[in-house]
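What follows is chain A paired twice: with chain B in the first complex and chain C in the second.
For the complex of A and B:
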C-alpha cells in the first residue's frame, strides 16, 4: 500500500530550482533510499514531505504519522536521554506507561540503557544519532523520514542504524532515507537517484547499478 | 606585503559581512543615530514646564496677583484651581500636577505642596516656584529688604525626607524584569530554532499556544520569586508600600507578563539568537531605561517624544508603581498606566501567537 507520494513537486529558492518536478512513492514496509551528491535536492524534498517547507507546485500526501530525523542533531542537549524521550513522547500525546514501555524497548535495542540518565551533550556522536533515531520512532510512525542519519558515523554505528531501520521496515513502517554513502544503497528495497533537483533513475539498487563502482561512476559524473 | 594583503582580505570580508547582515547594519548605523540624536534631543534634567494647581485660602486680590504672576512664567502652567484643602491630595493623584500653591491671608502664609517622589525634580520645582513667589512678595511687600521677605512654606509629599532610594527602585525593578523576562525568555525560545529542535517540534501535534505557554510557564514561577524579592528590597530601602499590596504586586506581575510577551514577540520574528539578543537591547532595554522616567523625567521631554515615552511598558510600570506604592492610590485612580500595561500585554501576546502560528504551520 502506498503511504507517501509526491507528484511533480517543484521547489525554487530564488533562481535556484532545488527540486524539479519530482514524483516518488513509498510503500508500507519499504525502505526507499534517496541517493545524490550534496545539493542534489534530497533534503529539500524531505522537508517538503515533512511539511516543513511548501513546494511551489505539485502535490504530495503522507498517510499516517511521520517520524523525522534531521541531518543535524536536533535533540535538547541539556536534557538526559530519558528526559528527551519523555519530552518527545509527551508531545506526541503518548500515555506515561506506554511511553516508558516504548522508551525501555528502544533504549535496550540501541544499547543506550546505561546512558539513560546521562546528558545528551556528553554522548558520542554515534549514540546521539541512535537516540535521534529512537525518538523519531518512539510514537510508532507509519512513515519514517531520515535525512542522512548515518552521516559522520563510523562503520559500526552506521550498521547499527541500518539494522534498526530494517527492523522497523519489517514491522511495516515505510522508510524514506537520504544518503550519499553508495554502499548503503544496497540496504534499501528501492533507490531514487537525484541530480540537480530531478530524480534521474529509480528502481531496485541492483537494477540501477550492478556494482558499487558503477553507481559511484554514475554519481561522480554529476557531483 | 603579505601581511598587508592578509589584513586587506580580512577587512574586505568583514565589511561585506557587516553590510549583508541587517542586524549589524542596524547596530552600527541606526543605533548611534537613535542614541545620539533622539536621546540627545529628548533627554534632559532641565525642567521645561511645571503643571501646578492653585488654591486661594482668602480669595483675596493679592492671591490672584500671585497666581497671575505664576501663570505668566513660561515654565509654569496652572492647570487646576482648587477650592479647599481636601482637594490637594486628589489633585496630586493625577500624575499631571507636580505642585500646589496655596496662597494665604498674608504672604507668609503661602504654602507650596510639592510631589517629592523624584527628589531632583522636587527641588527644581521648589526653586522655580519659590523664585516667582519671592519676586511677587518683593513687589507687593512694604519692606524693600529681600532678606526680610517671608518665604513660602514648602511641604514635600510622598517622600517628605527626600530619600533618594524612592526614585531608582521602580526603574531597577523594570531593568531586572526586562533582562529576565524579555531577553532571557526571547533567547530561550530562539534556542529551539538554533538547535533545530523546532523542526522536530513542528512534526508533533504541538500548537503555537502550547509552545508559548510551555516556554513561559517556568518564568511565571520565577516571577513569584521576584515578587518576594521586590518586597524585601522595599523593606531594605525603607520604602513603605502605601497602597493596596495586592494591587501593587499585581502591577509587578502584570509588568513581568508584559515583558514575557515582548520576549516572545521578538523571538517569534527573528531566527538567530544573536539577533534576538541585540534587538532586545536596542528595541526594549535602551529606550525603556532612558525614556521611562527612570533616569530622565518624562515631563522634561519634548511633547511628541514624551507621548512615545508614556506609551512604553516601562513608563507605564514606573507610573503605576509610584501611584500605588508611593502615593497610595487605588485602582480607580491609577487605572491609566495599568490599562496601558494590560493592553500592551494582550496585544504583544496576540501578535506573537499569530506570528508563531504562521511560522510553525
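For the complex of A and C:
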C-alpha cells in the first residue's frame, strides 16, 4: 500500500529550483534511500513531505502519523534521557501511561535503561543518535522520515541504527532516509538518486549498481 | 616516512592510547578506523606535534618528533577533525594566511591540489563561514597542502560531505600518493577504507587490526551468506524468515540487508543446512549464495572476540 506520494513537486528559492518536478512514492514496510550530492534537493524534499515547507507546485500526500529526524541533533542536551522522551511523547500527544510504556520498550531496545536519568549530552555520539532515532518513532508513526540519521557515526553505531530501522520496516513502517554512505544504499529496498533537484534514477539498489564502489562510479556519471 | 612505536597517552585516569605502533611509508595511504572515542584524534594530535605528553617514540624520516619538532613541522600538513579555519576571512584570505605561515605562495595550490582548487576557485571571495560543509572541508585540505608537505594527517576530512566531493578528495589523495606523499586519514566510510593501502582499526586506544584491506577481509572466521526470496520485496516475508533463521542453531546472526537477508554461518559446511531451512518455508523461490564479508563484518567479529576475552 502506498503511504506517501509526491506528484511533480517543485520548490523554488528565488532563482534556484531546489526540487524540480519530483514524483516519488513510499510503500508500507519499505525503506527508500535518498542519495545525491549536497545541494541536490534531498533535505528540501524531506521538509516538504514533513509539511515544514510548501512546494510551489505539484501535489503530495502522507497517510498517517509522521516520525521525523532532522539533520541537526534534535534532542535537548541539558535534559535527561527520560525528560527528552517525556517531552517528545507529550508533543506527539501521547497519554502519560502510554508514553511510559513506550519509553520502557524503547530504552530496553537501546539497552539504555540504566541511563534513564543521564543528561543526553553525556552520552556518546552514537547513542545520542540512536536515542534520537528511537524517540522519532515513539508514537509508532506510519511514515518515518530521516535526514542523514547516521552522519558522522562509526560503522557499529550506524549498524545499530539500521537494525532498528529494519525492525520498524518489518512492523510495517514506511521509511524515507537520506544518506551519504554508499554501503547504506544496500540496506534499502529501493533508492532514488537526486541531482540538481531532480530524481534521475530510482529502483532496487542492486539493479542500479552491484557494489558501493560501482555506485560511486555511477553517481559520478550523472554529474 | 613515519614510524610510531608504542605510543601511550593518558588523560587523568583515562588511558586514551594504549601502545600504538605502525609504520607509514612514503607514497602510502593508511586509513584509520574505529568508533568515536577510540583514540583516533588523540593520535592525530600527537603526530601533528600538538601534544607531546605521550610515552613512546615517533620518528619522521628518521628524526625524533619530540626533539626535532621545528624542522619536522614544515613536512606535515594537518586537517583537524574540527573546522579550524578563520570563519570571517574569505576563502582566498584563509589560503593566503596558511601559505604565508609556511613561507609558501598561495598560488602553489594550483600545482599542489589542482582538482580541489578548481572546484573552490569560483568562490574565492566568499567568507569561509558562508561555504557549504563540503567546501569547508575542501578548503581545509587546500590550506593543509599549500606548502607541499610530504606527510598528510587528515582527521575525518570527508565527514558529512557528499559522495561526489568525497571522490574528488580521494582522486587528489591518489595523485599525491603517486608523488610519494604519505597519508594518514581517519574515516567512517568503508568504501574509502578499501581505497587505502592499509587499514588501522582502533578500539579503546589499541590497534586491533593493521593490514591491507584484502588481508583483513581474509581474517573473517565465519561464512557470510545472502538469502533472497524471488518476487518478494515485502519486508514482512523476509522478517518471517529472519526470525526462523535467528533461532536456527548454526546461524550465529541474521539481519535484513535491503531486499535480502544476511546470515552468519559457523562454517562453509553449514550453508546447505541453512539453505534447506529456508527452502522448507519458501521452496524454489529461495536463492542462497556465499558472499565476501565487508570490513564492517570483520570489525564486528574482531570486537566480539575482544569482548569475549575481557
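What we mean here is this: the second predicted complex is superposed on the first by the 220 of 223 C-alpha atoms of A that agree within 3 Å, B and C clash if a C-alpha of one lies under 4 Å from a C-alpha of the other, contacts with A are read in each partner's own complex, and residues count from 1 in each chain.
Everything that follows uses one rule, which is that a residue touches a chain if its C-beta (ideal position, glycine included) is under 8 Å from a C-beta of that chain, and two chains touch if they have at least 3 such contacts.
The shown structure was predicted, so the numbers you read here are calculated from the model rather than taken from an experiment.
The superposition on chain A brings chain B alongside chain C with room for both.
Within the superposed three-chain model, A:205 lies in touch with chain C and out of touch with chain B [touch as defined at top]. Once the two complexes are laid over each other on the shared chain, residue contacts for A:75 go to chain B alone; chain C is not touched. Looking at the shared chain after the overlay, A:93 reaches chain B, while chain C stays out of its contact range.
In the superposed model, A:50 makes contact with chain B only, not with chain C. When the two complexes are superposed, the chain touching more residues of chain A, out of chain B and chain C, is C. Seen from the C-alpha centre of chain A, the directions to the centres of chain B and chain C diverge by 110°, a value given as a multiple of 10 for the model superposed on chain A.
Of all Cα pairs spanning chain B and chain C in the superposition, the closest are 5 Å apart.
On chain A, the patch touched by chain B and the patch touched by chain C do not overlap at any residue.
Against chain A, in their complex, chain C makes its touches with residues 33-38, 132-134, 156, 159-167, 188-191, 194, 233-236, 238-239, 242, 255-259, 294-296, 299-300, 303. Residue ranges on chain B touching chain A, taken from their complex, read 195-197, 199-206.
Of all residues in chain A, those touching chain C in their complex are 29-31, 35-40, 124-126, 148, 151-159, 163, 166, 169-170, 172, 180-183, 185-189, 204-206, 212-213, 215-216, 219-220, 223. Within the complex formed with chain B, the residues of chain A that make contact are 50-52, 66-68, 70, 72-77, 88, 91-93, 135.
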